[in-house]
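The data blocks that follow each hold one structure.
One chain, chain A, links the two complexes that follow: it is found with chain B in the first and with chain C in the second.
Up next is the complex of A and B:
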């Protein structure tokens, strides 16, 4: 048992840079994915039909394809289109697409949950179009969509492990590097599972706190 | 679209369906045991079941697969790639299915159990004939959605060498230099299979609604 832990201590400094890449990958994918998702949600409800089709295309591909296939697709299609990017950037694009597709559904639900009266009240107060949307509808929709989006963030962190397949030096690839040198595959993957698992648990606890704080105004004393 | 590309990637459909179906079945059965354990009157059994469910879900699927496929041989437990994939996905599915069953069971009004009791039905008859059929109908859409999710996750089996759709797409991408096309074909196949599964589940759902008489 002591051996196991001393190995963990020995490996951890090598895994840490990988974990940092995983977190960067997750952070950037959320940073681009969430606004993309909001855009897709607004486009889906637009009156102008081509906007709806564009939104449908991005959402259905982002959710319908396995994330792994989407990752490979970007990896192979971008160079074909004459765009040469490193694997990290490619992974950010694929995961952002994935994030945006799922997030758009939560944003849509959030937007739909804002009572119609709010829109009417905004119009009556003279807050038309974009102004009314930005100051009245959007803040309420965002509050409703936040808990599921936070849950999605946790899934994207787990999904960042897929970037391993296109050689992004994240946690999984650092782990398999160590495995192929030491042949201690079981132990190194158990350590990796512990790292992913404990961070996910921390994130989930934060989500729960967030949910409680956002729901506080609804609780009656 | 290149027909040769299509036919070579389509070879993977069988194993994609096999890995998904077997994992859903095995995971679904283990999930039944788990949901039973999670509702056990004995505290320690409940705790074990809940810890299992949570631990399984916080570890990324690819980490599970690598742990099983590359890690277990250290204990001289040699698995084929297909066995490793099915074991890995069954473990993952069991935790998610247990949660789905749990929400299905929670949706059955307590009055149903009380009514069965009042009619003098035994606990086993109550669970088997009153609770389970209704809970299953409620859980079916969630099971179908999870099944489609698992179908997509099964693409990961290609990373340990299972010859499913994504594996053949990757092979074709390497051999023909038509990477983009190969993965477009794979993507289309996944979407088509998902559509078929969704249609079947809707059919079954409608039939069950009529049979059980739940509106």
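Up next is the complex of A and C:
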């Protein structure tokens, strides 16, 4: 057992740069993906049909294709069209698209779940259009959407491992590299699982605290 | 929005996924159909394999070392494995699921008898798997369209595949300009696209790849010793990994390989794939 821990200590400094890349990749994918998802959700509910079609296209492709296929398509097919993006940029775009497509459905459900009375209250308060949406509807929709969006964020963090197929030096890529040199695949993958699992649990704990804070008003009678 | 287009797109997405799954399944596993005659006498009696009567091989496409053609395995190592199977009266069964990353794990967990795919003998690997006696030596090379040598790599974007022994040294030397790929196809695709300026690769594999898919102006130049990359100073020896727990199998494999070296089979195989037959005399076993 001590041997395993000493190996983990030896490998961790080599995995750390990969972990930082994974976190950067996840952070950027969520940073672009969530607003993109919100935009798609709003467009999907718009009365203007072309907006609905654009939203439909991005959501169905983003959800219909596995993230791995999106990564391959964007990385290896775009150079044929004269567009050469580096691997990190490609991964951010593909994962953002994937994030946006799923997030849009959660946002759409959140927007639909806001009681009609709230919309009427916004109107009677003189908060019309974008102002009413931003101050009354959106905060409530975001609160409803927070738990599934947190789950999506975890999935995207774990899904960032797929970027190793296009040479992004993320955590899984570094682990695979160590495994292929030492052949200690099992040990290094267990360490990688511990890292992914620990960060996920910490993140989910923070989300629970956030949910509790957002929902405090509902607990007061 | 009408229901029909939405249903259509979903059906297409599901169809795409099903198609990809079918392709993946087709690529996974399979067996060499070479029959074994009833009166065949094995070179080593009572040889224990994972599946009696079969020599199960974990492999992936890594031409010219390993070439997967449907259910059969060819290439330098593939041909040699088929010869070994003949000596032992075994039927070759190939397991290619999981690619390069799954080869060693499959050997370790005794899902297969041997792994294949240009694995080199190293000290670290002796603790994990039984390293067969060397098959041949494996000189390394720089592939570029600018005629770069191993001394010219500083300042250039260079790629290599996962598992190459020099990756750590190269990362320290070139930093962010060094990229590690999971397979040769991605490496050469990026060299062609211009995302990288040079690829570090086994000379034999590089020449074979360029012959199959030429890149304008690409040259293959063997590496020279370099203080930044000590691994360039030693030529690796290719081996077939097997389970440490079945040492009798490993020893039998060693004897078969030496027999095939002595009768000239190894040199013939190397010549068949355009490799200098001198590589077939790698000397005494050593570890990097």
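List of remarks:
Here is the rule we go by: the second predicted complex is superposed on the first by the 215 of 221 C-alpha atoms of A that agree within 3 Å, B and C clash if a C-alpha of one lies under 4 Å from a C-alpha of the other, contacts with A are read in each partner's own complex, and residues count from 1 in each chain.
The working rule: contacts are C-beta pairs under 8 Å (C-beta built on N, C-alpha and C of every residue); 3 or more make two chains touch, one makes a residue touch a chain.
Note that the coordinates shown come from a computational prediction; the quantities given were computed from them, not determined experimentally.
Superposition note: with chain A as the common reference, chain B and chain C are in steric clash.
Applying the stated contact rule after C-alpha superposition, one finds that A:77 touches chain B and leaves chain C untouched. In the superposition on chain A, A:176 makes contact with both chain B and chain C.
Of the two partner chains placed by the overlay, only chain B lies in contact with A:158; chain C stays clear of it. Using the contact criterion defined above for the overlaid structures, shared-chain residue A:197 touches chain B, although it does not reach chain C. In the superposition on chain A, A:69 makes contact with both chain B and chain C. Judged by the touch definition given at the top, the superposed model places A:167 against chain C, while chain B stays out of reach. Contacts of A:186 after superposition: both chain B and chain C are touched. After superposition on chain A, the stretch of chain C whose C-alpha atoms clash with chain B is 9-17, while the remaining options among 9-17, 45-53, 117-125 or 261-269 stay clear. Touching of chain A by both chain B and chain C, each in its own complex, is seen for residues 60, 64-66, 69, 76, 164-165, 176, 179, 183-186.
Listing the residues of chain A that touch chain B in their complex gives 60-61, 64-70, 72-73, 75-77, 80, 158-159, 161-162, 164-165, 172, 175-176, 179, 183-187, 189-190, 192-193, 196-197, 200-201, 204.
Touching chain A in their complex are the following residues of chain C: 1, 5-6, 9-10, 12-14, 16-17, 20, 100-101, 104-105, 108, 122, 124-125, 127-129, 159, 162-163, 165, 167-168, 179-182, 186, 189-190, 193-195, 241. The touching residues of chain A, when paired with chain C in their complex, are 14, 49, 52-53, 56, 60, 63-66, 69, 76, 79, 84, 86-87, 164-167, 169, 173, 176-177, 179-186. Of all residues in chain B, those touching chain A in their complex are 54-55, 58-64, 66-67, 70-75, 152-156, 158-159, 166, 169-170, 173, 179-180, 182-184, 186-187, 190-191, 194.
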